[in-house]
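The following block contains the structure, expressed as structure tokens.
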Amino acid sequence: MPRRRRRDLLEERRFLAPALIAPAVLFVGLLVGAPLILSVYLSLTNATAGSLTGDFVGFDNYASQWSDPNFRTAFKNTIVFTLAANAIVVLGASVLAHFLIREFRGKWLMRFLVLLPWAAPVALSTIGFLWIFDSLFSVVNWTLKELSLVDQFNPPQWLGEPNKALAAITTVHAWRLLPFATVIMIAGLASIPKEVDDAAKVDGVTGLKKLWFVTLPLQLPIATIAVLFGIVFTATDMAVVYILTRGGPFNSTQMLPMWAFQTGIQGGSLGEGAAVALFLLPVLAIVTVLMLLFARRVEVT
Amino acid sequence: MPLRRRDNLLTWLVVGPFAIVLAFPFYWMLQTSLKSELDLYNTENNPFGFGEGSPTLDNYRFLFGETQYAHWLLNTVLVGLVVVAITLAVSLPAGYALARLSGRWGQTLGVGLFLVYLVPPTLLFLPLSRVVAEVGLQDRLAALILVYPGFTIPFATWLLMGFFKSIPRELEDAALVDGASRLRTLTRIVFPISLPGILTVVIFTFSLCVNEFIYAIAFITSSDSKVVSTGIYTELIRGDVFFWGALMAATLIPAIPLALLYNTFLDRFIAGFTGGAFR
Amino acid sequence: MADVYDVHGSIGEEVTGTRTTRRELLRRGAVGSIVVVYGGATAKSAVGGAPRFRNRELKETLRIIQWSHFVPAYDKWFDNVYVKRWGQANDTEVIVDHINVNDIPARAAAEVAAQSGHDIFFFLAPPAAFEDQVIDHKEIVQAVTRKRGKIGNLAFRSTYNPRTKKYFAFSDNYVPDPANYRADLWGEVGIRPTSWDNILRAAPKLKAMGHPVGIGMSNEIDSNMALMALMMCFGGFIQNDKNRVVLNSKGTREALKFAKALFEQGMSNEIFAWTPASNNQAMVAGRLSLAMNAISITRTAELVNPELASKIELLPIPAGPNGRVGLEHVMGCYVIWKFAKNKRLAKKFLVDLETKYIGAFENSKFYNFPSWPSSVPNINRRLERDPVAKPAGKYKVLGEIAEKYTKNVGYPGTSNAGIDEMFSKFLIPQMFAEVAQGKRTPDDAARTYDRQIREIFQKWRNLGKV
């Protein structure tokens, strides 16, 4: 009887699984896979100005970019920003999650305040920082001037001096990601079964020892995931640099996505821009795979 | 009890500074949004206080009266909700399949899905513009609704995969033994238990949509169909003139309700981990 | 007192209903600037729901996209008055979308990739890189030439490619770039900023008074323009009239040395962090004593701080060893895509727009100067008669600047794709900033950037565009 057969089919793992996964793969394949392949193609051509076709030039774009000092700066910065911001985020989020999971007075309010940076659209909150770091109206500088910590007429230019600008951008990235990472860490902490907690208490393991031997190891897989997402969101983000410094001062704060945009879209050299954007892909892929393997290994079942 | 009070104090000492640093920009936005232009651009004035003409609601009045801000807010919410729906519809089954039904190649596929995030949208938007135009959706909100799931689905699938894995198999096996089909088990037992996970996906997906910027700029130019991020850029930044007061107001308005919403969901999400399936 | 927002010229007095409300608000001085924006932003909602004059479907459709003009009143006039009238006269529904000037390249690229979009696309700088994607605008140029005489030299050099013999854009307007200075402060020092040497002499004193000079060295358009003009005044040019790169020259090195000295003695660190709005804000806040900028500074000051506005005066670009050579501040260039649906009407629209440019000139508060000078008769008299200007007649100098001291980007060559890419990458501000901050010597900088720009040019030369 046909109906039973169809039911049986769906029972078969072999059919059910692909059937369930197919829509997702389809969506992602069409919306990301196909454009990705096109981007790879573009990076091997000399396409310009939005045109989706060009003459084949092999790896010229990659080579010329690699020898471009601005590209190297962008590459180096991407790694530096990402590591710095995420180091701050991981430390901050771990600490914060540890405390936010408890019950205490004012918890709801504190959590609300902590979640705000993540709730605001990144494009808009970065404009807020543009105002906070403004060359003339910066509230940070005003405060520092009032406390007589800086020169009245030559206050630090948070977006105009290379090191300060790097610091500013890293700060904004960290600020934005901290809530996100905290939430993930809280989830991780919360998912530690009560049995483990009870066992530890019975064994007399408390305080710092508990933290080191029990909580942290159990948190590691989740923490790794949080770090991974943090890394990816920082390394591929363009909005923050675009709004705060546009890669300045003199291209010292360029990041790969921003440089790709500036070269490919604003400068019109689409092929080169595609090459720049794709440079990061293998690096991130390797990082991803390594971290995922790590997460799986430290998973305590 | 003294112990509890000491704990409270310690917690406040640690969480307090974090909260201040994270929330300060928003306080600053609020302060700036209530100032008049005359006050704002006067370097002599104390920025933490109010000068002549302040505090004023003019920036807010301008935002809602003279731009299509309210409209953009609605557009943003609309896009967010529909994309969340699509994402859930696609990722729930996919996450389940990857968690339970697929073994080896499931892992690989999971990683593959994640690799999607490694390509910056700064260039993907070009081929996608072509797709959008071919499908006749250029300048329509539907373009965003079509494209956003491309990057929300992998994330959601990931989250749900992890979540499903943490649900003990015994529950499902029990149901199967009782004669229910796999599909029925899915819908009657597994999905309801994963409500916290679903809520998480809702939050994260919505937040990804609201934050998106490049595609919105590339696909939509008609003022009616803009979302908050792009509308603000067009109306409140004109050449070399920034309307700071209104800009700050514009950022504050979506952030607060969203943060409230996330905060509310967060409780349920955590409750799901500590209660529910593990007892 | 004549309301400065009144619509002048041949285009009508139709929109007076909403004007009274805005006048009342104008009287509330503190929020004067909000009023300007009120005017502009209403345009957006109005375009959506404005009633048709006659209750019938218009036969054709024309879609235009352009930047949100810094003068919102211009957008209001353009969207609500001008295109509606033109649309009625040509049985066409004209839809105007607006976009932030910074997002123009992204959207343009997206439309090209999609091979679909607007009929007329506006750029704020000559879009040489898009040459292959657009029609030859020769017809439009010829049509306007028949009525208004030869195209201005500036517009010609900015939109014509001598190698491919193609007009890759149609420029309707450009914006002259005066020096804005605080007459009261410079009066105290007893010098006028008529030459770069004068500025260098006065700058230390002004800085000591707390009012530094402001020539940006940041990745933004104001810096680009000011520094390139500075270079040219010293005899440093990016290319020669054959479009060959000649950056590494004595003139460039002199300019770099000068800029470094000017920074050290008369400017502050903030110039490296500037956005296009920064010099405006700094001047309107009373801090800067000098800035190179279009009249957006004075127009903003007139609304926010009229007393200060009366102290800001305008001069042409200061003279250097090579004389006074200035640049346009921005250049309005329209293009019609090859894939535009309604090319015939698009061309007609542009011809009509440029032929009678008075409305645009007046409604932009003299920001938009016509690329065909004779499209606005009696420019000097109009400039002189500006009702808000204090001291009276201060905008008259714009006419002189436009006529004599405004050259195209890439002068004495043309604005080609190589120039375009160098411009978008802010290589000139970068060069100056590195020298000013002591990261490179002038010789090293001139050499290094000459090489970088040569590479860019070579690439476009290989593509047949330069």
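The first chain written gets the first letter, and so on, giving A, B and C; residue counts start at 1 in each chain.
By our rule, contacts are C-beta pairs under 8 Å (C-beta built on N, C-alpha and C of every residue); 3 or more make two chains touch, one makes a residue touch a chain.
These numbers were taken from a predicted model, which means no experiment stands behind them.
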| item | value |
| --- | --- |
| Topology of the chain contact graph, where touching chains are joined (line, ring, star, complete, other) | complete |
| Comparison of A-B and B-C by number of C-beta pairs in contact, larger one | A-B |
| Where chain B and chain C are represented by their mean Cα positions, the distance between them in whole Å | 38 |
| Cα-centroid distance, chain A relative to chain B, in whole angstrom | 15 |
| Sequence positions of chain A contacting 2 or more other chains | 50, 52, 136-137, 261, 264-265, 270 |
| In chain C, residues with contacts to at least two other chains | 106, 109-111, 113, 275, 281, 285, 287 |
| Of all residues in chain B, the ones touching two or more other chains | 41, 43, 126-127, 130, 214, 233 |
| List of chain B residues in touch with chain C within their complex | 36-39, 41-43, 52-53, 56, 58-59, 62, 65-68, 125-127, 129-130, 132-134, 138-139, 214, 217-219, 221-224, 230, 233-235, 237-243, 246 |
| Footprint of chain C on chain A - complex, ascending | 46, 48-52, 64, 70, 130, 133-137, 153-161, 165, 245-251, 261-270 |
| Chain A - residues contacting chain B, complex | 7, 10-11, 13, 16-21, 23-25, 27-28, 30-36, 38-39, 42, 50, 52, 92, 95-96, 99-102, 104-106, 108, 110-125, 127-129, 131-132, 136-137, 139, 142, 175, 178-179, 183, 186-187, 190-191, 193-194, 225, 232-233, 236, 238-239, 256-258, 260-261, 264-265, 270, 273-274, 277-278, 280-281, 284-285, 288-289, 292 |
| Chain C - residues contacting chain B, complex | 29-34, 37-38, 40-42, 44-45, 47-48, 65, 67-70, 72, 95, 97-103, 106-107, 109-111, 113-118, 222, 275-277, 280-281, 284-287, 293, 296, 300, 304-305 |
| Sites on chain B touched by chain A in the complex | 7-8, 11-12, 14-16, 18-23, 25-26, 28-29, 32, 40-41, 43, 47-48, 89-91, 93-94, 96-98, 101-102, 106, 109, 111, 113-124, 126-128, 130-131, 146-147, 149-151, 153-154, 157, 162, 166, 181-183, 200, 207, 210-211, 213-214, 228-229, 232-233, 244, 247-248, 250-251, 254-256, 258-263, 266, 269-270, 273-274, 278 |
